[in-house]
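Dropping the structures in below, format is structure tokens.
Shared between the two complexes below is subunit A, which has subunit B as its partner in the first and subunit C in the second.
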Partner chain A sequence: MSLTTEVALTHISRRASSLLPLLSAVIVGFTVCGLIAKAVGLSPLLMLTELIKGAVQGPQLFETIARAVPLTGMALAAAIPLRAGIVNLGADGQMVLGGCAAAIIALYLPAPDIVRLLVALLIGAGIGGAYAALAAAGEILANVPLLLSTWLLSYPARGLCGWLVRSPLRDPITAWPSTHRISAGVRLANLIPGTPINQGFLLVALAAVLIVFLDRRSSVGYELRLRGLNERFARYGGVALSRQTTWLMFVSGAMAGLVGAIMILGSQFRFTDGALTAPQYTWSGVLAALLAGGEPLGTVVAAVLFAALQTGGFAMERSVEIPRVLTMVLESIIILFLSMRGAIWRRGR
Partner chain B sequence: MTGSFLNAAFFDQAVLGITPVLLAALAGTLSERVGLFNIALEGQMLVGAFAAVAGSHFGGSLASGVFAAVLASTLFSALLAFGSAILRGNDIVIGISLNLLAAGLTSFLLRSLFGVSGTFSDSTMAALPRLRIPLLAQLPVLGRALGQQNALVYLSWVLVIVVAIFLARTPWGLRIRGIGEQFDAAVTLGAKATRYRILVTLAGGALCGLAGLQLSLGSLTLFSENMTAGRGWIAVAAVMLGRARPLAVAAACILFGMSDALGLRLQGEGLPNQITDSAPYVVTLLALVIAGLRERIDAARVVI
Partner chain C sequence: MAFLEMIDIVKRYPGVLANDHVDLEVSKGEIHAVMGENGAGKSTLMAILYGLQSPDEGYIRIDWKTVFFRSPIDAIEHGIGMVHQSFKLFESLSVWENVVYGREPRRGPFIDAAASRRQVAALAERHGLPIDPMARVGSLPVGVRQRLEILKALYRQVRVLILDEPTAVLTPGEVAGLFRVLRTLAAGGCTILLVTHKLNEVMAVSDRITVLRDGRVTERLLTAQTNAAQIVRAMTGRNVLLDVASANPHPGAVRLELKRLVVGGLGRRAVNDVSFTLRGGEVLGIAGVAGNGQSELVEAIMGMRPCAGGNIVLNGHDITLRSIAQRRAAGVSYIAEDRIRTASAAAASATDNLAFGFHRRPPIAVRGLLRISEMRAWARTLIRKFEIKIASEMTPVGTLSGGNLQKIVIARELAHDAPVLIAEQPTRGVDVGAIEFIHSELMRERDRGHAILLVSAELSEILALADRILVMYEGRVIAALDRAEANESILGLYMAGGEQQAS
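Now for the complex of A and B:
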């Protein structure tokens, strides 16, 4: 059977190092989206100008930065295993579990505020990581492909949290199923007054720097890249693949859980069913990681660009009523084009 | 006890749950056999579901909905055929981006064509009519489930047999299996691998179009965003559980449909639906784990 979870992405990552294919993919993406917009009677030119204006003009730039924090986090969550050729499609569930756990700790742990905040972040990341590691155990012990198990595990995780905020944890005042509001002392502080940028920015930036450093300068990163290039060679070279899969998935899930916790403690202040998954950071993150072939720095750049697209999308929807979900179409067309282009290039050799 | 719990409605619900997954899993089976790993089933199905509603709404008839579903999903799968069969790009990357493209595109069109987000329903649209099969319909308990379904449900059962015979007993089936199992040998013997892969991918698209049609017009008449809800992935799991043998794949789909119906039944018993909705995914995971463990044990026995 050809059912393997390993992905030979090396041809994409090599491609990402030169800008020309990337640029052509972006142009193709915008062209196709323009045509789609035109087909349903919307103006492609208006789409483009509103999208760009909405992403970078004035205070919108801060909005983009704020959006880039969770998106970069989710992109790194996807990129870490992708570097070794493993796809984690369950980051939605890991993020929701992390966010829900963080909300519970922040609300109910009998401890001083600062302890509650730190424990909430730690447990949020830990739960997300443990849940992702469960999928790794499934592959190691029972050959269940990670591609399937991560995706399928997402549903019970979201279901459980959805039930928790409907029954035992429900704040009866709110119209939407959500927990009580987290008190001001247990929140991540705002960094720049008047903007939505909070300390979560520092946490994700720190994580990004750490991951880039480990990827480039440590033996752990070397083994990771080795596996991504050639798994059999990595095994032959003495990389303990099972152990690597387990901690890779743990770190990936922990990153997703941390993003969930940051979103709850930094901007939403209560866990509301569906609120974490609604902005689709997970999927933009997966696409950003695919765009960079899992290379961490490239992933961060792609994630920031996609965050700008999302912010622009919101502005576009507000001002000219073009549905913002078109930005998701744009992102997937870019990846689709790149993966096909990569294949053409490979055949041409 | 069983009379009240496993009643006619339970089995009817199970059959309704089985059908879209079964159709998509047949598409996945064909792909698997020709050596392609199709994880875009979810997206293909979603495109079909949307096109069915759009076609039926704008075309004004059920027939236009059926036509639109099959056509749109087949066209969408042409992207997969181009990337995966012709260019031999990475199945997984192409599959993931196609799934997200389908989700984005259907949401976008839902908003721009119908002006709604979330769910579009039109009460004037007709659902696929239920047909009454004389003898089957009179069975106790199972009568409604087996004898009063729409044409698509019966078609899906026939297609299981057709695909099984096609793969096992026809020269085309033999070539498809050859291409999937021994690519170089098949090509050396003159099998047109790329052509077969394109045709199989397009046929799979048509099957997924039917799966989507069943979802949006099978018993209800509505489209909601991401209404496939992972059924395409469960179909991928079913193909794996059944090792791409049509009858075994169908059995895996039945397992899924039963757990889907069981979830709904438990919800009727008062369990919260957020928990019971997870039943099919958890059952699928457990089935994968059990199958994997059994494989391990069997492998260990051979060594001993």
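Now for the complex of A and C:
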């Protein structure tokens, strides 16, 4: 084995085992944003304090948690396949299908409220999963790259749901194309009165704990991890890659579908065209998963951090008129800096 | 007398002293072998001589003049040429274009093609290197490509030619041809440095030998006054049993049977109509120059590559259409040729690598959940049993030497205790000590009644271990021999495709 591979390997293991790079990336990100703020005549210190206050002070903390719920869910949806080296870019479509299906069942299933709620969650997850598995089938049977199929399949899903709420399911009294309002009994209950935190928080937290546990302790998680490190090795050892890809995509899509259902049943109460995708949880989630290299616990941490940055950014813009786009710059710099490190380090040797 | 001297060379890498005050002295027109196990520092030393690395201490003298090389360009300027293990050729260009590249005879702004061809042909003629200047490189066999690499060096008027493991890819016939060329060159005053770990070749062709171990010179020998055992001792620091005595086989029941197996390939069949049976308690060797269908054959048996025709019967079950996991469960384990790309996950720990394949059943897994302490205990047991040198069972295996990584792979595959073992190039790129260990493990498996399919391009390995030998050439089995009737020259003839007789 050549020396360069050895250096690269120790580099990878060091990267995985240390928080230092993440920390330094965050510091560099804040520094650069501070400099930008200063350059345009804003106070960097003010920016920082407003950002932190906006993320965690008083009721803002609940805003952050409420935002972290769907963001973490979507981050996990991206992280599950990424752990095995597979990218799901179609979580938008899977989430929208899940949300739309959940709304339809919550509105029209002839059954008691609690049954309607549970079935809505289950079907929402199931349909998102099935739709993602379709992309897997495309790769296995026809060699369509998942990167492409997941992403492109997102559009027909969104288009279909948009059409549904425009004509057959439309609530005529709303300005936006959306379904009727889901009755109170079929909603996810509020957990802390006066805050936007509902039972969806518990569902996502449960999913996160389960995923972290399975990743670390189960045979299945072990196979995923080794596949992510060397797919050829996994195959050589007897892992049925196609079957694994299929159920992996199903679980990933189900997670996205569940997030869609949670948002409909927990906070939006009706399916409105474009409302689920507008906050771009999918893409923040993909970034969080990439940042952690698919490792679930790291993904959760990154997702919560992004949620805090985003709510902090909104608050900062409202209170001191520092544009929120600076927080997006911050996010980007952190990620760019982390991806760049490899090259810098290698040259240093 | 010394024409080329490397004096007091020191090269440090992070954590490793690759060359520790090494002196190398070579006379004009000498064939000088540089030997040592993997990691002994011979590649580093040659990289310094060719200007790829610069030494931390020490210097180089050629013809009594001290020289400093900042890059291979400087080295080439001083008449040093190198034939790398993997050739550096433009496959889509012709032989003459490859030779003159960078120093083309010109006519005005254009390359003078006619003059180039003439010069290349004359050069080849003068040095006894038969080659067609017009041939396209991509269509040439490996032996001829190597000739072309030597020709390239000669065109640049080398005085010192370094060859890095030049015989790894050659048939015995081609090896003999190469040695003839090297002797002619040496007689013409060219100095040749031969980096290798093959004892018989060194004994056959070299004048003097410098042996390295752990970055230091352990021995300088005159080939005429030494023997293989002394060289091995200098390389390893101990006495090594070179031949694992293989007792008479006691073949048992048929374990693996191939019936007219066909595997597709690009343009032609990679494996064409191969049949054989393998019994318990015997080693079936598959000899052949790399690239004649052996890898495809093995991958088809393991299910990593689809079969286009024929059947595979393993322990009485037709497994032709089964998955890899089902085949492994039916009783076959597999030491893959490429331990880094296929048979391990470099960034994963020894524990993760050693437990793979055992991770779905007790004691390592119970009801789908891993028992981490069992997993680590399992890894520690195997590490101890196979004497793997590793800091701890949690160390990533990518940090290990070739021999130790191979031991990880072999430990895991033997632990399956499968009645059939496929060993593909099990000792390639591992040091002499590890080779001895691996060979004796394989023989022990055989003596326990297991069936072993041994694929190797090393004839010495095939002859030392196999009870029966098949030779593959262009996807076919063109000869089947008992070990008693086989020797290097017969096998070499078949490996080159000679006497295409059916088995």
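By definition in this document, the second predicted complex is superposed on the first by the 302 of 349 C-alpha atoms of A that agree within 3 Å, B and C clash if a C-alpha of one lies under 4 Å from a C-alpha of the other, contacts with A are read in each partner's own complex, and residues count from 1 in each chain.
The criterion applied here is as follows: a residue touches a chain if its C-beta (ideal position, glycine included) is under 8 Å from a C-beta of that chain, and two chains touch if they have at least 3 such contacts.
Because the structure is predicted, anything quoted here is derived from the model rather than measured.
By the touch criterion defined above, A:38 reaches neither subunit B nor subunit C. Between subunit B and subunit C, more residues of subunit A are touched by B. By the document's definition of touching, of the two partners only subunit B reaches A:87; subunit C does not.
Of the two partner chains placed around the shared chain by superposition, subunit C is the only one that A:236 touches, whereas subunit B remains out of contact. Of the two partner chains, subunit C is the only one that A:219 touches; subunit B does not reach it. Contact with subunit B, but none with subunit C, is seen for A:323 once the two complexes are overlaid on the shared chain.
Residues common to the contacts of subunit A with subunit B and with subunit C across the two structures: 1, 3, 7, 9, 12.
Contacts from subunit B toward subunit A in the complex involve residues 32, 35-37, 39, 79, 82-83, 87-94, 96-98, 100-101, 103-105, 107-109, 111-113, 117, 230, 233-234, 236-237, 240, 243-244, 272, 274-275, 277-278, 281-282, 284-285, 288-293, 295-296. Only residues 1, 3, 5-7, 9-10, 12-13, 16, 217-220, 222-223, 225-226, 229-230, 232-233, 235-240, 349 of subunit A touch subunit C when the two sit together in their complex.
Residues 13-14, 302, 304, 323-325, 328, 334, 336, 340-348, 352, 355-357, 359-360, 365, 368-370, 372, 396, 398-399, 401-402, 405 of subunit C touch subunit A in their complex. Only residues 1-3, 7-9, 11-12, 36, 40-42, 87, 89, 138, 141-145, 147-149, 151-153, 155-156, 159-160, 162-163, 166-167, 283, 286-287, 290, 322-323, 325-326, 328-329, 331-333, 335-336, 339-340, 342-344, 347 of subunit A touch subunit B when the two sit together in their complex.
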